[in-house]
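Shared between the two complexes below is subunit A, which has subunit B as its partner in the first and subunit C in the second.
After this line comes the complex of A and B, so read on.
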């Protein structure tokens, strides 16, 4: 009892509502639906928005709107912003490790995953103003032309993240896509979506323009068909089962969409082979120009 | 002679035609956006909206070539033969003859803005001359702007006399009277201006929200004020006046909301392009995009459809 003779009040818990990051804002699903998420011990953790194809449609609109501005940024600036995202992740390292542990990752492995994810961002940040020198070219031609090839981003790319490693997998797929000026609509792991929600909060504070990376939560079964058929998505980068791959390829064929599947599993995500210039190249278009130079 | 102040004139007009319950109105129109319109009804609405479009280009950089390609778009909006043609092409007076030539004998009307659009700030003689020139060049419809300065000063007789003069100058051409609602400032004023216009125009003529050249254009709320004015005028006089919201209607979803407003306020008799039009440029592409989405089941990319003319 305090001096006034009142019972001290029990402080009510303040729990966070997990919200996906879309178009620079934290949204609920337009459907209003959620699904309960339990942590590794089976305790209720939170209700996760169960995004629908309409949420996906809205996210694609947001990504398309953000695209031209993002692609017009200098390569140097895109590198700075990706590095800044690494800084944000580093600053909330402990929170992210706690989160991964809560959803069943062993403590040591969780720390390794967060550090690897941060390093991966820095790795691709470094490529931002360098990939063009390696992938673009001046071409020898047998005519009086200066012939050169430059790269261009494709547009809006869909990402289907793996269940494990939920954070490192998502970042490893997203970073090489956005570094070249593409924008992303990503579907977080269905089983472990919360690290992606947390990542959304970091994206929001990383100088990344709203809409460049959009992270949806929800059921793969519901959303994969729309990822496959949405004609405005120019490519897909996915971790998928054989059946899902078939469905994605079939759906993507109609709009001639580029589909890339990652073969990485388990520890391979942590190794050097999981980061590569070729991951940047996977979502670039090449433009070759013939410029007359006089005979 | 008694000199009446502008506010007293507006108050008197309000007493004559009735006032608008702004809070109730906004609540009512908010409900329009909650109707569930799916599948067949949606497709019907989308196609009907296409047939109601006044496909518009009103820019300083308009050229005969640009107007000609707009007309081709109007004649055949999409490969799908089930998509109707639009109602009209709306251009500046100098482009009327080019639009007329491009449209030939098709049923698509040529509409021309006139009367010193968008401000209306020219001598009456000049404005009437512009109307006659547009009609002589082949305009089937004329979109005029009212004298907002005179309206806000309470000179209602002058507003009506000018509209009457334009009616006369139109001859057989259909007239659409632009109130430019964003400059009228209150719902009561919009309702009052609607009645002033409706009292002097002919059956089958239109009242229209905006020029599309100001910050606020057609909204569900000011559309609703005008629809209710048309309804009340019709119930009192038996004269059916058409309605054209213009400016700011860019998406198919918005268009369906406006059609819901028409259906629930005026009924099916107004759900056709002799009594309801959309003044828009970008809207057509989004309608086509959604029609194609209904047909294929897949969301479409906007660049599959031709770029719309900007403005409006």
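After this line comes the complex of A and C, so read on.
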């Protein structure tokens, strides 16, 4: 009992309004629509913005704007920024584990997922200033020309993240795409979107320029058709059902979009096979330049 | 009438020197290449190492576009012929080719390269008769480059562990390939050589207007002792091509052709996980800065657009020239075009041969008409054209804007659209303002500008102070709607592998 005779109240916590991270800002859907998200025990957790095609188009615009600047950063700088993102995730490790547990991941598995996601960022951070040395080369053409093949980022890439592992899956798809200077518009897991929202907050504090990674929340059924057909998305990296794959490929044909589907499931996301130089290569273009050798 | 045009050029001594434009001042004697192309009157399908009649029982005519005379009749493959080709390829993959050590596969590819070199003149003549390209191009470019592609890829077959550092590679299995009519033999080599080096077996369809050298090439495969079924050729038009692309035994399809058909192939395979590489259309910018060596640039522009009658997906069909030198470049170009020799492709002096088909000629005529209608200024030299056959004068459009059809659509003919720009940024913006991204050219004396342009241009191949150069070691392929995947070099080879 306190001095004026009331029962002591437990402090009412401040709940967070989950917001997608787009163009370096935390947004609500332009539609004003949300859907209620319950945690693993069935308790109401929060309203999740139900992003629309318009939100997706805005995000693509933000990503396209950020693209040239990000691609022009030095490889060393991009590597440091990805590493910095790893630092942010490590620093908020417990919060992220708690979040995964809250949405039904077992405690041990949640810790493993956050650690694997952090390590994956560090893995790809290291590739930033190396993949070019492995994938590009000079070509000994049979004429007096200096001829070399280098890689370039494709541009804006759409990412469709898996439901599980919601965090590790998202990071495993995004990291190899952005390390080379691409920018991303990602759709978070529909079932477990909150870890991606939390990741957005880390992206915002990791020195990653706004617009390089944009994370939308919403319904796959509503957004996948626009991911497929948006002409400014140069590629798609997705975890998708057979029906979704077919629809994505059909739409992608209209702009000759590069489409890669991940075959990883379950424990495979945690293994070394889930991280690869060739995942970086999937979203690179090869450019060959010829130059005469002469006086 | 003989022409003797005096230019207002001032020599070092300050005297105006007349410039000779020989034109028709002296007639060239005909100089036809005389090697025997050894054509048959009829060509069957090449399946399982043998020439077999098509189950359709049907044949179609292949004509010489230079004079519209029939050269031979070509088998029309139907679905069951395509299926037979795939079955043969499957057998070969399971019993011979797929089990053979890379070192042995290499030897077959070396043999093929050598046997083609031995018969180079015969193949060059056949290529020119069948497709209409000048003999000097088929002789000096198409055939030697085809042999070079097999020779280059031969050496990879036993060194595949170096193709993808950190991973092992394995063949995909069977590959379905459809190639265009502009470089019939060379496109065959681009497709078949890397596929075979990696250990795949192939079903390939050449273009319906240019099947002859493909089927002649089959005799080289026989002479090389290539195991039956490793390479199968099925001939026909679009329907046969669709059957090759759609066959369920194909682990990968590779297509070179129009963006329109490329998109249709993507749609038709949407429900499958089939690997795919597409080399599609282009509308390349050839960019000339005011500090460029202009005479060299003009040669490069001419080579860029008139090589192979402009039937080149990477043709420099949009000339972007800096405003300050635009008049000079245009004047030099017009002079240069006047002396291009258009005519019989088999003549060794011919620069521009025959348009590949009547349909292609119509398409060029239509697009050129649209250029005139939309207000661009047309220039064509007054050269005479043969009365029979499909020919089109080298054509230059000035005053072209980005909204003109001739600046946006691939013409695939000897038609150059000239646009101007003022600043580097404007050049980049205009060059990239297209759905295509296959190639680009840059002409400038400044090294740092070359590297800036090369970085900024969204194109898979950039030629700096040169144009239309190719090499088996040099990856070729596009950005954006010019397709994906590369052909040539280490990068192209990996597109025929799966990582294990």
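We adopt the following convention: the second predicted complex is superposed on the first by the 282 of 295 C-alpha atoms of A that agree within 3 Å, B and C clash if a C-alpha of one lies under 4 Å from a C-alpha of the other, contacts with A are read in each partner's own complex, and residues count from 1 in each chain.
Just so we're on the same page, a residue touches a chain if its C-beta (ideal position, glycine included) is under 8 Å from a C-beta of that chain, and two chains touch if they have at least 3 such contacts.
Given the structure is predicted, the values throughout are model-derived calculations rather than measurements.
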Overlay on subunit A: subunit C relative to subunit B, clash or fit: fit
Which superposed partner A:60 touches (first subunit B, second subunit C, both, neither): first
Partner chain(s) touched by A:145 [first = subunit B, second = subunit C, both, neither]: second
Touching partner for A:33 - first (subunit B), second (subunit C), both, neither: neither
Touching partner for A:230 - first (subunit B), second (subunit C), both, neither: first
Partner chain(s) touched by A:73 [first = subunit B, second = subunit C, both, neither]: neither
Partner chain(s) touched by A:252 [first = subunit B, second = subunit C, both, neither]: second
Touched partner set for A:102, first subunit B, second subunit C, both or neither: neither
Comparing the two partners subunit B and subunit C, which touches a greater set of residues in subunit A: C
Shortest CA-CA distance in Å separating subunit B from subunit C in the superposed model: 5
Contact residues common to both interfaces of subunit A (with subunit B and with subunit C): 254-255
Subunit A residues within the subunit B interface of the complex: 53, 57, 60, 64, 226, 229-232, 251, 254-255
In the complex with subunit A, residue positions of subunit C that touch it: 148, 164-167, 259, 262-264, 266-267, 269-271, 273, 278, 280, 435, 450, 454-455, 459-466, 469, 471, 473-477, 479-484, 486, 489-491, 499
Residues of subunit B touching subunit A in the complex: 296-302, 304
Subunit A to subunit C touching residues, read off their complex: 134-135, 137, 139-143, 145, 147, 149, 152, 154, 234, 242, 245-247, 249-250, 252-256, 258, 261, 276-278, 285-292
